[in-house]
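Presented sequentially are two complexes of chain A, the first with chain B as partner and the second with chain C.
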Partner chain A sequence: MTSVLASAQGGTRADDVVLDVRDLRTYFHVMDGTVRAVDGVDFQIRRSGRLALVGESGCGKSVTALTIMRLIDQPPGEIASGEVWFDGRDLLTLPADQMRAVRGGEIAMIFQEPMTSLNPVLTVGDQIGEAVKLHQHLRDREAFEAAVQALRDVGVPAPERRVKQYPHELSGGMRQRVMIAMALSCRPKLLIADEPTTALDVTIQRQILELIKEIQERTGTALLLITHDLGVVAETVDEVVVMYAGRIVETGTVEEVLLEPRHPYTRGLLSSIPSRGKRGQRLSVIKGVVPNPFRMPPGCKFEPRCPYAWETSVQGEPTCAQNEPELLSLGDGRASRCWLHDPRFTGRLRDYERPTAGAEEAR
Partner chain B sequence: MIRYIVRRLLEAIPVVILTSVLIYGILLIAPGGPTARFAQNPRITGEQIAAFKHRWGLDQPIPIQYCRWAGICNPDGEGLGIFISNKGLPNILPEALGGGDNGMLHGDFGFSIVDGRPVTSVISERVVPTLILAGTAWLLWVVIAFLTGVYAAVRRYGLFDSALTVFNYVGFSLPTFWLGIMLIAVFASQLRIFPASGMWDTRTVPAFGTDRYWTLLGEDPGYVLTDLLRHLVLPVITLIVVSIAGDSRFVRSSMLDALNQDYVRTARAKGVPEWRVVTKHALRNALLPVVTNLGLEIPFLFTGAIATETIFSWPGMGRAFIQATNNYDYPVLMGILVITAIIVISANLLADILYAVVDPRISYG
Partner chain C sequence: MSGPDGGAAGGGPGEAGNGVPIVEIEDLKTYFPIRTGILRRLAGYVRAVDGVSFEIRRGEVFGLVGESGCGKTTLGRTLLRLQRPTGGVARLEGRNVLEFRGRDLRKMRRRMQIIFQDPVGSLNPRMPVSDIIGEGLLAQADVENRWGERKVRDKRVGDYLEEVGLRRDYARRYPHEFSGGQRQRIGIARALALDPEFIFADEPVSALDVSIQSQILNLLLDLRDRHDLTYLFVAHNLSVIQYISDRVGVMYLGKLVELSPVAELYANPRHPYTIALLSAVPDPDPRVRKKRIVLTGDVPSPAAPPPGCRFHTRCWLREQLGDPEECATIDPPFREIGGGHRVACHFAERIREEVSTAAVIGVEEPPGVPGGADPISQAS
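The block that comes next holds the complex of A and B.
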């Protein structure tokens, strides 16, 4: 944890960073106990940078985003520790009214379900205009104009007509464009997109991704993309943070993580992507399921599913099942939370990185 | 929109007709009948009963009885002539166009068997007291159920929410008649804060609806209205406790549902202040099912009024209904049932139209 933070800060100047999340922990206290949905997450996004949080459902990536926005219901949620530095302020200690000015004004968010994320009884223009009125203190007429312009910016045809329509009169792709228009209407410094294309048709997915990228490049807003889709990651971002069971398991640039995954979990994720070359074969899967949040394994959280986990033979040596590894820095901003990258296990690492052996075992 | 309303109005017509047939049919099947009150009277002979039946048209075939009551048939006609009015035109037409002057279609609900007065005047003098009682109750009921429900949802699991939950469970299980009697026992008999029955103080105020009543209302409105309000308190409470208990629960869950929707999260993510998230984004959506429900519950005011008006001797339609039933006064009974049915159907219609107004997803097609 500390190692990746140190290396990241060494690599980039502090004022070059728009969002700096440090040791973030979000717990949910429910009837059966406490779920540690996010358990010690650190990452940074540079100004105009693009970072993806990747992981399976329930790994804590959405909760991380909602915690940054302070949209966690408390109770049952609790932001147990951490700092979220945004533009020189820790969002977690900001008074409520200042936090409201940040939400929508400086950090905007797009959600997964465009069908349910828009209010069914308000017109599209009302909903976009509301954000503009709140943050830029415009009058009704000006807000209306701004809404039309925002729709035009995201490529909605006939914006003057669309602005007066209700969400149910628009298609799914159109609604997601409306969400993006709403998010970008106040020129935020950071855009959080939580699975923005998951609920859309494949062709529309592509259009929406291109739109997000195009706008990101044009306006220079930073992008925090949350997704489980590695295809989306490859096309959209520069840096990747892989999460598993509320923790970061691997970080690096998009090329590094996708082409040379270091953590067994990332490796498993990548090998489970269907591709033309694998036609006719059984899809490779990561065996087992995400651990029960009430009965987390004591050691590495991925150990029960990990094909590379080993029992120790040497007294005093850490074991995958009993000891949880740190997020170990691998230099150049890369890090992996796996005992394989501990200097004591270089022999095992050599076996792991031999391409054929690893692939066979994984299968 | 206008077309939608007109269409719904036209659709309501067959419903009203069907309801009137039903009312007629059910009263026909029910034991008793207009002559039942003579059965125990030894001084009334069979001939006299037959004469009574003939005078009231009860010796006619049932469809003709219904048609006369409805105003399709002319009671003076013979054979096929029953469909022709005395002016020689179809009897069903409005009177001004040469139709008949009998039956509900022409505003004639017949005469009370008991005192011979027209049913319309019996009902009309009872409608206003019922509307005063039911209207006040409905207004309070909606406002209280709404405010408490929304507040409980926003402060979920708070002290108020828990207290309301207890009230709701208790209130919902109270029988109306029992609650009314208990209120009289405590607040009228023991504490003597509110009057136990009636609509006005008989010692100081003339009967409601008379000229002297209106004169006094003009001279001393403060006194007359205070007197009316004092008489309203207990029956209104009796009428609405059960309804509030049910509906504030309903509003609460509808509001909770809305507050958990994705678009509420979107609104918060936009930086909308919390009170506006509640009043603008959640409330309008929470209103949709509530509006329908409030319309559908209007009938309850009238059925509830039957018990409440009887307990509190409120001179309204509910009490008139009970009196008519006890006296075998069939014309009044049927008149009240038809008027109530029309009010209920109109209330449903209103709820439908309101629903279309508040929800843009409803098409008027």
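The block that comes next holds the complex of A and C.
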């Protein structure tokens, strides 16, 4: 692996890295074969840093998060390789009881669907209280007060009344606030938010995004955001990791990735978003669909859909269809998994970097 | 899978129809009774659609936006007679569809079709695609179209599968064999096979990934041009609505609050709710800094909508104007303010243009200027 992101060999390199994921592979063994949901993922989040895992459904972004939390059912799942360094410990080798202390205590997670992730037969206060009792060893009375305070912190009006209510009595936005209150009640060092606003309406999404940003800045917790929405990415995080078919295809800062995408997939994704200025034109399209996980293409996983893929007749030269590129470092923490960035193909890269209007019109 | 490339290539959204209304809706109301207790006593109504009037012009895409529970889907379903109306009139080319019975009703169904949001739930998993698409044909069969004959029907099913960019032989397969985007194409073929004039597209791309979403949007626009369709396009994604619509209506709690040609609405919104809605949309361009207007609280219950203007409980403009009384007492009329732009707000003229521009379009900062999101030092 020449991945730039895995460059820190041996122990957590510096104090400022809170999460260091290395060569993570999570497979699922099912009846039809093996699905390599996550297949060699490396990234780091700095203390108080904000990073987004971006990609479409099935790209492995949620499985990555669940693997970090060790919430993968084994079997059918299998964490085939990798290390998850969190505060000097490899979470993947941690004994179960210590992992329980990390989960919900030092690393908290909020999910997409606030209704199904809350327990319908317990009050909101009981559920927040459960976390603080477990992790901070508070007594009932203290836990209740901690729950009221946690709700107040996330902007729930009349927290003394809300704390005694059941999830079905709350609106979707209010439930998501409760989830966030619960996640933050133990002052985690890392907050994993898996599509936290996808199920919400746009004005409620705005409230929740503002809340997450405000809390992140106030408490200094690191944020791992998982989303498919590039708009949410643009305003919530500093660094972006783009995933496709279980692999990282591009990394960089949010400005770099969203304004100057280097990988053809990222570029296709960005240009297929309907937005102002595109009215009256056909939308550019990424042709085809994501590959069948049981029949992954042998070379680059994006090759069947890539408008820039090429064939070569030169002996010994790699081809997109047959040889999978590595995540090539482009300096400054940027990386892209594409043959275009191989020094042998600078000519092609030049063409790619000055796209003609029609070049993206892949239909 | 690419969309079929027809004669009307490059068919982006054109200009708003030819001005002739195909559908006219007047004071449409759809209420759902709330029943409580074991005696199912009537306790009130959820006013899902509560007095909506507008027209859809032939050939246009009329976009309807609003948050969940605002009544946009119920409105469309009432129009198609999939939901019993409580009051009002809905005309299809001059005839009130809400009064159709028997044969007339069945004939009308052929002319007005629906595309559903959920490409999984809307296709019967036990039916092959040929039956899913063929079912409607069979129901509408007559001596003229001979859709009652298996051969004729199967040919038509195959034709329309090709029309939406799928292979003819997919007719034998079952829904689970398809991806989300393909299933949505099947749903479109099902609607299209009946040769409708008007299609109610109910969140047709909301369940799809971005890259598939753009394929379906292109397809819908191609089909509009090839088959002279008119769409009522419901979505909560404001970028999708902006891209596809000719005119847009914004709904809040069962009522239309604003209606305008699309460019005007997105550049110069006049209702405080629309402005807040547009300002809330996250922009994928990290340089864009919008002046966010964050609405407080949740949408009130449509079973007990606030008196006066329904938006007044969350309205930022009312707050800025010092809580004028009429907001809480008088339901603002849906009035024309010029250029086909209608708005239901007492104080629409009091909104300063800078305010709406900063909130809706945002300020683009040139790259490299400090003040953009922190450039983080990657190296170490």
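The rule is short, and it goes like this: the second predicted complex is superposed on the first by the 345 of 363 C-alpha atoms of A that agree within 3 Å, B and C clash if a C-alpha of one lies under 4 Å from a C-alpha of the other, contacts with A are read in each partner's own complex, and residues count from 1 in each chain.
Throughout what follows, a contact is a pair of C-beta atoms (placed from the backbone, for glycine too) under 8 Å apart; a residue touches a chain by one contact, two chains touch by 3 or more.
Fair warning: this is a prediction, and the values are worked out from it, not measured in the lab.
Colleague: According to the stated criteria, A:K301 is in contact with first (chain B), second (chain C), both, or neither; which is it?
Modeller: neither
Colleague: On chain A, which partner's contacts cover more residues, chain B's or chain C's?
Modeller: For chain A, the partner with the higher number of touched residues is C.
Colleague: Give one of first, second, both or neither to describe whether A:I286 is in contact with chain B, with chain C, with both, or with none.
Modeller: It touches chain C, and chain B stays clear.
Colleague: Is A:S117 contacted by the first partner chain B, the second partner chain C, both or neither?
Modeller: first
Colleague: Touching A:E255, do we find chain B (first), chain C (second), both, or neither?
Modeller: Touch status of A:E255: second partner only.
Colleague: Just chain B (first), just chain C (second), both, or neither: which does A:R22 touch?
Modeller: The answer is neither, since A:R22 touches no partner chain.
Colleague: Once the structures are superposed on A, label A:M109 by its partner contacts, choosing first (chain B), second (chain C), both or neither.
Modeller: first
Colleague: Along chain A, where are the residues that touch chain C in the complex?
Modeller: Against chain C, chain A makes touches at 14, 16, 49, 56-57, 157, 171, 173-174, 201-207, 209-210, 228-235, 238-239, 253-255, 258-259, 268-270, 272-276, 278-289, 332-334, 363.
Colleague: Taking the touch rule as given, give the residues of chain B at its contact with chain A in the complex, in rising order.
Modeller: It is residues 261-263, 265-273, 280-281, 284-285, 288, 358-361 of chain B that touch chain A.
Colleague: Please name which positions on chain C make contact with chain A in the complex.
Modeller: 1-3, 5, 10-14, 67-68, 179, 181-182, 209-215, 217-218, 221, 236, 238-240, 242-244, 262-263, 266, 276-277, 279-288, 292, 294-299, 361, 367, 372-376, 378-380
Colleague: Write out the stretch or stretches of chain A touching chain B in their complex.
Modeller: These residues of chain A touch chain B: 69, 71, 100-105, 108-109, 111, 113, 116-122, 127, 130-131, 134-135, 166, 168, 179, 182.
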